[in-house]
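Take a look at the following structure, please.
Labels run A, B, C and D following the written order; every chain starts at residue 1.
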Amino acid sequence: MSKKKLKKILIPNRGEIAVRIQRTCRELNIPTVAVFSDPDRYALHVRYADEAFPLNGSLPQETYLNQEKIFAIAKKSGADAIHPGYGFLSENAGFVKNCRERGITFIGPPPEAIEAMGLKTKAREIMLKAGVPVVPGSEPIENTESAQAEADKTGYPVLLKASAGGGGKGMRLVEKPENLKPAFEACRREAQSAFGDPRVYLEKYLEKPRHVEFQVLADSHGHVIHLYERECSIQRRHQKIIEETPSPVLDENMRRKMGEVAVEAARVCGYVNAGTVEFLVDKDRNFYFLEMNTRLQVEHPITEMITGVDLVEQQIRIAEGEPLIHETIPRRGAALECRIYAEDPANNFLPSPGLIKALTNPGGPGVRNDSGVYSGYIIPMEYDPMISKLVTYGENREQAINRMLRALEEYYLLGIHTNISYLRKIISHPQFASGDYHTHFIANYQDQLSDSGSKHNDSIALAAAVILSFLRSEQQTAGRQQGQPEHTSAWKLCGRKRSMGL
Amino acid sequence: MSKKKLKKILIPNRGEIAVRIQRTCRELNIPTVAVFSDPDRYALHVRYADEAFPLNGSLPQETYLNQEKIFAIAKKSGADAIHPGYGFLSENAGFVKNCRERGITFIGPPPEAIEAMGLKTKAREIMLKAGVPVVPGSEPIENTESAQAEADKTGYPVLLKASAGGGGKGMRLVEKPENLKPAFEACRREAQSAFGDPRVYLEKYLEKPRHVEFQVLADSHGHVIHLYERECSIQRRHQKIIEETPSPVLDENMRRKMGEVAVEAARVCGYVNAGTVEFLVDKDRNFYFLEMNTRLQVEHPITEMITGVDLVEQQIRIAEGEPLIHETIPRRGAALECRIYAEDPANNFLPSPGLIKALTNPGGPGVRNDSGVYSGYIIPMEYDPMISKLVTYGENREQAINRMLRALEEYYLLGIHTNISYLRKIISHPQFASGDYHTHFIANYQDQLSDSGSKHNDSIALAAAVILSFLRSEQQTAGRQQGQPEHTSAWKLCGRKRSMGL
Amino acid sequence: MKYTAILNDKEREVEITRQGPHQFHVIVDGQPHEVDARHCSSGWFSILIDNTSHDIYFTLDKENVELNFRSQNFNIKVLDERKMRMRRIRSDLDISGTEIIKTSMPGKVVKVLVKEGETVKSGAGIIIIEAMKMENEIQCRNSGVVKTIHVAAGQTVESDAALIEIEPEQI
Amino acid sequence: MKYTAILNDKEREVEITRQGPHQFHVIVDGQPHEVDARHCSSGWFSILIDNTSHDIYFTLDKENVELNFRSQNFNIKVLDERKMRMRRIRSDLDISGTEIIKTSMPGKVVKVLVKEGETVKSGAGIIIIEAMKMENEIQCRNSGVVKTIHVAAGQTVESDAALIEIEPEQI
């Protein structure tokens, strides 16, 4: 592969990940091209971009998944490269081939590797051949009858998963035969809507499994390295919500072994660029290959925190044909990520789109916030409710956790419901602190986590509420006396007044 | 020294440093007590504190320097420790003794070390005895006549410095004998007002000097280590405005030598807790001891970025009698700090207090912002105009610089004047990029740095301004037709409207 | 001045006296507090209550005060004596126990899981709404009989729209 | 609609035509641009001008528009045709050249460096103000004669208050 500096990068994606990629591009002085659906004209990735073009429409199929429109914009804007982010077209081998045909550099793996790994079922086959242990499971399933047959063969509980999927979307746990049919149907609908491919397969559901994944980087000159693991066992409805590194369960020996397997997995499928090899670790600390995600992961920042490496920069360098400059990368300390969602934990985690009335981002030592929103932004109902990723670094796990608690407390995101206080409850839980947890953590402790919190702030709240009401009634009285209409915000005046003295 | 967990920490300080300390305390689950002057009731350090007590008054002498009031609040609140931050009482040996008498733990060095190092003149004497090279200079000077005699002896140019000073306050460069008298008087006035001590001394002004300092940590068990250097040569009016680590001028050999001298300097004065040994490096790369700052430095975050260590946590652990857990601390990458000031570079850097109308803090990978302000805050005229410290980390110096440029561009702080675009000019300057600079950098390139920037955004600004005016006139017309008063903000309506569609 | 503040359906007595431009003496449940309260910026309130500091975000809507601090959310209804009297009169008239199934966010109806006239147990799944790429099942709080179904599968619904009404069973 | 926009004392012609709810055709100095402009939140404006994206903070005060983007600050006066005519008439009457020394921030007068009647050169130090712990010397822009001194050492002054007036020397 010949070396070629990239001149302009189009990012057919939205939200925090589009902004994340734009930031590195700006640091590298590479202009970016944003694209946006109708509801996203006000999105941060449009405001942050150097150039922005409308996709006209609001459905994913007519916007962020619409290759024709994206290629037309690439041509118009003169973009010579595309960074897909995660989701949308990021693991679409056909799209990568189309990029290649048009002479556009795709910042990601070659289509062959995506195809091999993208069909989860094919990936498992390759890994088995390479001697890597794999979780028992099925081929893609076309109808309910086959699903029932496969589930009976594997034995309940089973996991239904989108063949083309990832990120927890289109995934269902089925514990009893009578639940299989509706789960299978819901899964196919979700898979179709999220990935444009309704195919679903089935996997044995391990007992008390931990989800541990390894970050790999492979250049176009045959070098493959790994950047250690990420522990992603804190999941709700099969969606990761808290990730950490290092994993509390790995010792150096296991880390070395799994790292070698991850590098080997990347090697056997001819992988180039950044990728993630996911494993399940069972209660006896056996590990199984689960799948390879052929793109940047949501949780990549925790790896950046402990290694000091910018993974998006590495992706761009690799796409430019540069060799990896690192033989091995040392790690330092510990990092934690919390995914901040616009959802209501008190109301069955219903998504909570709407206007962000006030926003204070946490700051200070060891805190990174990769956000896709701003104060005054109306979170649209059309997309995933993740609004930011809060990441903390610490000299050790304890410090990273304490910082996360502090940062979550600093994080005010008002007007909508968020999972912020829910995340605090998870992180403060003694079982999380012990490091001894698995993917059922949230299900197991559901009741403790949904506690409505301490009441000892009640009298503060009552005092504050009454003072506010008292002040308003004072000002309304004053307003009426001065002939002001009652709806004029007395509070505004109050805010201004203070420059006049105490 | 016996070990004793601290229970509650009073911070007799304000602004970003008070918030910085509160953050670590919160992580360690130690409640904090804030104190505040009349203008500071609205300050962030009051809002962030667990408890806050008024000092009643606005002059430093009647508030943050008033020991009686502070001790009364310590008693009332039950605080068993005081973290002084920097400035104010941080290097006041008498205050430390008074803490000791009252059984309050002072989170900082013992009074003897402060006294020895606090009088810059005494510190120089001790260092000379220990065989450390020192910049030629004088004893404290009481009147203009002695100043003239000393300056003649040393030879012009000379630097006048507050004996009790630090941080660039009460410092004046005198190049010609006729400028000595007014400079001496101004210096005494500033020294009195900033440190409550008018004494001034005089030092030889080195040619093309670099200012390089070493962070040290000493525990109460006799262990002293250093955490590498900080390069602080980018100064305006003898105030550091940009700091970086590692210093571009040091090689490993020089770093090792200077580090050893720094550790020795701390050792000979019986130092305990965090301190900084400042050196001047001349154009031939000789280094001279300049002074020791017996407190946390403004620029400590860049050391935290490359070492991963929380210096405030270390300070608290040391004050609790804990031994240092680190023998030596590895470093990684590079870090840069920019001090963000409320000042007007286009108007002789006049301080610019007032209302912050809008604020967007930079974020994303490798960016840390230690801020003391918020959107809607009125920066008071009574205090130092520094409002935040923007810090970036990079795998190497180039990445740290590129990130800083990106972060400064993301930083919107509106309503007041700031030095943000001025800082960008410095950092983009090829001489800064080369790493080959010294303390006269800003003076030498003044003209280039005060360039009013590119004009290529003019037509964007003109288009935007006209669209805004056009929209307003449209809405005023509509408002008049609907009988609305003209002053009702049509812009508010416009902001709300968008939820109704395109 | 005396107020009744309602938090989590409990009525609490709060008395307030102004002591200075920003200072108040407040008695909550018989406990006196000295409060210094400042409006820092739009929607932000800094209060020192007996010298403990709290940073509070608020919205005021008639007698409803919504507060957020230390990651906690509070919805408080504050009524002066006159409004409290009116409330007492009104509440005597309020006897309906019909539960209205709503969605707190706009979305699309995927499936209605019940039929009119059907008896449902508390916690039963009533309807599936798709929003933000996820299917969400909404359950009923109380047992009862499905009285009216306002929506059908495929339909788009606004937040807080009444979807389905459930009447308590007659005892 | 035609406007005159004044930036850095230069008059520029700008023509604007509405094309849609948020779309405008704008001609600046004869160059046409397609603009999509949105009000994102209080004071924030996102504009796409020929598909380049700019995030602009603005304040509007009568005909004065202050903009901030890409770390640059712009003060622009926008006048429609009627206001432009009025301005032309007024400027013919404006002949005073008195320079008024002001401070852009409140502070304390440390020292007045000139006397009434004294002749000063452009760039000369006129007065020292202490603010935010720093002494700041204010210089005059133009050469002239000190006409009036409104303040004395020790006095506290407000921002933008007239401190000293300097008249141009008669030629």
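Side notes on the structure shown:
We adopt the following convention: contacts are C-beta pairs under 8 Å (C-beta built on N, C-alpha and C of every residue); 3 or more make two chains touch, one makes a residue touch a chain.
As the structure is a prediction and not an experimental result, all values here were calculated from the model.
With contact taken as defined at the outset, chain A and chain D are each touched by B. Once the centre of each chain is set as its mean CA position, chain A and chain C turn out to be 31 Å apart. Mean C-alpha positions place chain C and chain D at a centre distance of 50 Å. Computed from the mean C-alpha positions, the centre of chain A lies at a distance of 36 Å from the centre of chain B.
Multi-chain contact residues of chain A, defined as those touching 2 or more other chains: 41-42, 374, 376, 409, 495, 498, 502.
Counting only residues that touch two or more partner chains, chain D has 38, 40-42, 44, 52. If you sketch which chains touch which, the pattern fits none of the simple shapes: not an open path, not a single ring, not a star, and not all-to-all. The full set of touching chain pairs reads A-B, A-C, A-D, B-C, B-D. Contacts from chain C toward chain B in the complex involve residues 36, 38, 40-42, 44, 46, 48, 51-53, 55.
Looking at the complex, you find that chain D touches chain B at residues 1, 3, 5, 7, 12, 14, 16, 18, 21-22, 24, 26, 28-29, 31, 33, 35, 37-45, 47, 49, 52, 54, 56-60, 63, 65, 67-74, 76, 78, 80, 103-107, 110, 131-139, 159.
Interface residues of chain A facing chain C in the complex, by the touch rule stated above, are 169, 186, 189-190, 193-194, 344, 347-354, 357-358, 381-385, 408-409, 411-412, 414, 417, 420-421, 424, 453, 457-473, 491-492, 494-495, 498, 502.
Listing the residues of chain A that touch chain B in their complex gives 19-20, 23-24, 26-29, 38, 41-42, 301, 304, 308-310, 313, 330, 332-333, 355, 360-361, 363-371, 374, 376, 378, 393, 395, 399, 402-403, 405-406, 409, 495, 498-499, 502. Listed in rising order, the residues of chain B touching chain C in the complex are 34, 41-42, 46-54, 77, 374-377.
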